[in-house]
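Okay, here's the structure, questions in a sec.
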Amino acid sequence: MNYPGKGLVEGLAVTARNFVGSYFYKDRLTTVQYPEERIQTPENSRTFPFLVFDESPDKPRCTACKICEVECPPKCIYIVMDRDDKGKPLQRPKAFDIDISVCMQCQICVEVCPFESIKMDNDYEKSKYGRFNDLVQRLPDLLKSNDYYRQIKPVKAAEVDAKLKAEAEAKAAKKAAAVAAAAAKAAATPPAGSAT
Amino acid sequence: MIAAPSTIPAGGAITTQLLEISIGPQHPSTHGVFRMDVVLDGEVVRALKPVVGYLHRNHEQLAEKMSWLGSMPYTDRLDYFNSMSNNWAYALAVEKLAGIKVPERAEYIRVIMAELSRLQNHASAIGFLLQDCGAWGTPLLYAFKEREKILDFFETVSGSRMMCNYFRFGGVRVDLNDEMLAMARKIVAEFPKFLDEFEKLMTTNEVVLARCQRVGILPKELAIAGSISGPVARASGVEYDIRKVDKYGVYGQLEFGVPVGAVGDVYDRYYIRVLEMRESVKILQQVLRDIPAGPVQAVEVKLRGFKIPAGDGYGRVEGAKGELGFYLVSEGGPKPYRYHIRPPSFINLTVLEDMCVGHKVADAIIILGSIDIVLGEVDR
Amino acid sequence: MNIAFWIISAVAVLGAVLAVTLRNLVHCVLALILFFIGIAAHYFLLRADFLGTVQILIYVGAVAVLILFAIMLTHNVTGVDGPKELLGVKWWSGAAIAATLAILLKKAILSDPLATLLPAGDKAQSSVAEIGKALVAGWVVSLEAIAILLTAALIGAVVIALEEIQKS
Amino acid sequence: METIYQLLHVTFANVPAWTVQVAAFLIPIAFIFGVYPAIFALTTLVERKALGRIQNRYGPNRVGIFGVLQPLADGLKILLKEDIVPRVADKFTHFLAPVLIVVPGLLVYLVVPVAPGMVAVDLKIGVLFALAVGTMSAIALFMAGWASRNKFSLLGAVRAVAQVVSYEVPTVMAGVAVIMAAGTLSTLTIVQRQGGGILNISNWYVFRPWGLVGFVLFVIGGLAESARCPFDLPEAESELIGGYHTEYSGFKFALFQMGEYLAGMAMAGVTVTLFLGGYMGPGSGPGLVGSLIAMLWFFSKLAGMIMLNIWIRGTWPRLRVDQLMGFAWKVLLPLALVNIVAVGFWHFLTPRPLAWVVTTGWLVIWFLVLTKCNASAILEKREYRYV
């Protein structure tokens, strides 16, 4: 049946259904009462980068290779490599600053990092009162333990750990092989030497 | 051209003055920082000059100073409602230029992402349009509720709700696991219910009909001459959809219709979007049924030090707002020599004055709403 | 009663004076509305509540609004560029005409038999029924004549508006 | 007022007569100034909550339990805001407009009876008074829009004035139907005429064919006159930003909101009085208990009308200015005139069933004719093809 005002009345019916339904069906309401309730962020969720260390903050995975600094699209990363007294590079950052007011959370630094050292956090509560200095994350702010990483992203962390373990084992095996080879060589050489 | 407000005769001996008002850039319904210089005779629009550039971010120039991959997250910020299709257009252009073959599973995932972003874009576009009509937030919030589910899916897959940065040259960044596919299937299954409810609320509403029908008619000839694309062009009767024309990705294998209107007024532009959403649901059902197993990333593409042989290429997709194209010129280095975007919002905006003149100021607002612009894309 | 009468009169006269002396046309209309409301208050004071209400409905609600719309078509609303002298020839001639009119009206009203027939103050009942009866019984011809006149004016307005619509 | 006067006179027999007179004068005023602004504050909260639920949100729920203190917080916030007057504004008019906007809304309540005999002033011409002071808001709106020296405000003001003046006509005509049927202009008598019958309900004018039409017309006219959705063109947030109150801030803005809500509630109150039987309902009658029940009935009906306003606001979009005018003059006014003739039939046809049939038939025929005449204005079936 078609009568003038039918669409208007049907519209009223729809809103009435939603009005009543919102009291009875909790899933109709999408709002989260934020400070009391928090949504569990998905594994892939990302906010800002942080640096992973394994045992202690003195020994981050980062080697200050500056690949992320170069690849970062908005150029928000600043790295200075640590050097010892003689000026020899120490393979770790002395300064590692990320200006999160510039960072656009694109994850490219994470993807290009060859050492699995920079990872995306999922902490979305980073508001600060200051506009400039407060939003620059320095090295101590950025360093977080591997346990933390395992906690926020269990699946990925396990993959990374496995990969690093495999790499380390391969490296160790290679080293061992090299040592063994050297030993074998050394073992093989003296008789030759002694022969001469 | 806008003449200075002058005294013109408007019937009989009474002379009235034209009123020049500036709608925007802080006006509540200009969809961002857009400005319209409107010359009014009473409430009737006599001339309208769109003023853009308040959100100019130098996107193209920035991209020419950056690695090929570095521009990918910036394309998210063009039309921030559709970062997935923006990604795809850019990836498509680069893949064309570099001759990269994309694995099949990745193509399917790309279709899923593009169609889901079309769904959420159209839903919020018609929500905003009805908001401009004066519906006090209800249709918009219903649309946003549905959009929220799709954004949750995007977050689960890519890590971010709007700035997805998900596509990579030769594939996509993250594979979809079974949970994610189930999530997508659930969204697709629930979407028609939302559409039915939304249509019941608004489509046959007499006020909507009175406001939208025969308002802001865009003739077919003008749409073609103005290079208008997307739902705006199809509402005017232009049979043009790049998914059908180019058959990029796996669109050639999918069955779907492209709705085409006849009148080209605001109502057609509204209803074409509704129909397109229904078609998108059909596409998604097929894709989610047929998605093959396999890798999601072509192996030959390196993340770092990616170089493209010299040449130029144009990649385009049917974005939610129209033809989104990237024209790239490579010198063989790690950066584009020239990087140019064909933004659908900006080009669709060029016919705004032709549609608005002669209508009331309230109509000008909903005509702007019916074009569905995003200022990030207009100003770049 | 007396105090109320003087206060209302003072307000009404103030409104009337402001309506003719202010430079800004919109201010003039607002002052005129004050005057209208004062007159309505007088009606209420005389217990002619129907007349008072009609005064508000017609004069404040409709006539004043029409005047405001007419002012919208004026070029010099603020009166800044208008003639500067206040007590000019025009003013004096206007005042003379007004005075003459006032004298004539006074004579006409006082000579009318109705003026003496009106019941005094407090005894007056609601005037609606009497007015209604008078309109449809004694003055029906006048009423119909006015109705035809207004209808003609309405049709004329529609014709003018139609021409404009067809032109545009 | 008379009822209160008598009540006080009997209760306090030994105080001077003039104190009783003054008290009888002040109590209704205090009631109007106390109760209706309180309902306004409550309405803002209920509106926000209800709109939230319509849109599947919670609505305000932070200040106090369930957000009940939200109006207080809103008021406090708006009091503390800076009062900005544009440099080029017409200062005096700009200041006066928000003050004047509240007056008509409050004046209407003078003649709205809330219980038997409980009306501030039992004017003989109560209905006309309510409708007349309602028009005065147009002047205040115009002052606000004009004094702001803002083009959006001016457009809003012009829209407001045109709208209020146009919708005045069908609204009054719809009211005339009730006046004819009741044979009086007094609101109190009109309510009394709607008493009796089954449970004090069946005689409400809304349950008459002409009454139903008149009710619908009056509700629409009331929405338009108080510039509520879908007739909120004078403010039209999406077009004119805020319309006439674009340039107002702080407490002046709050006064505009208050004036608008009070006017809307006043129209709702008049609608209840004219068509929904005012305070009539099961159990309402003279005496203390009956009066309390009557008051309960009146305020629940008022709340119902306010909820209807909110519901409509949450559902329908806004009309365009020319459609608004067309609707008033081409649909509402003819229907109101036809309705007056229908009341004539109702009055003069003696067997009641015959009156029912004739009146209903007459109204239905004219409704169909009007629908036919205006069908070209809306509804166009569209065909879409697929490629």
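Note that the chains are named A, B, C and D in the order they appear, and that numbering of residues resets to 1 at the start of each chain.
Note that contacts are C-beta pairs under 8 Å (C-beta built on N, C-alpha and C of every residue); 3 or more make two chains touch, one makes a residue touch a chain.
The model shown is predicted, which means the values in this text are computed figures rather than measured ones.
Colleague: Identify the chain pair with more contacting C-beta pairs: A-D or C-D.
Modeller: Between C-D and A-D, contacts are more numerous in C-D.
Colleague: Relative to chain A, which chain has the most distant C-alpha mean position?
Modeller: C
Colleague: How far is the middle of chain A from the middle of chain D, if each middle is the mean of its Cα atoms, in Å?
Modeller: Spacing between the chain centres: roughly 60 Å.
Colleague: Once you find the CA centre of chain C and the CA centre of chain D, what distance in Å lies between them?
Modeller: So the centre of chain C lies 28 Å away from the centre of chain D.
Colleague: Please tell me the distance, in whole Å, between the geometric centres of chain B and chain D computed from their C-alpha atoms.
Modeller: 43
Colleague: Hey, what residues on chain A touch two or more of the other chains?
Modeller: 4, 8, 11, 14-15, 18, 30 - these are the residues of chain A that touch more than one other chain.
Colleague: At least two partner chains per residue is the criterion; list those residues in chain D.
Modeller: 54-57, 314-316, 378
Colleague: Which chain B residues sit where two or more other chains touch them?
Modeller: Residues 138, 142, 145, 201-202, 205-209.
Colleague: Please give the residue numbers of chain A that touch chain D in the complex, ascending.
Modeller: 4, 8, 11-12, 14-16, 18-19, 22-23, 28-31, 33
Colleague: In the complex, go through chain A and note every residue touching chain B.
Modeller: 4-8, 10-11, 13-15, 18, 30, 41-46, 67, 71, 73, 104-108, 111-112, 120
Colleague: Would you mind writing out the residues of chain D in touch with chain A in their complex?
Modeller: 50, 53-58, 311-312, 314-316, 371, 378
Colleague: Hey, which residues of chain B end up touching chain D in the complex?
Modeller: Listed in rising order, the residues are 19, 21, 27-29, 40, 43, 130-138, 141-142, 145, 201-202, 205-211, 213-214, 239, 241, 244, 257-263, 267-268, 271-272, 275, 360-363, 365.
Colleague: How about chain B: which of its residues touch chain A in the complex?
Modeller: Where chain B meets chain A, its residues are 66-67, 69-74, 76-77, 138, 142, 145, 148, 152, 155-160, 163, 165, 173-174, 197, 200-209, 303-304.
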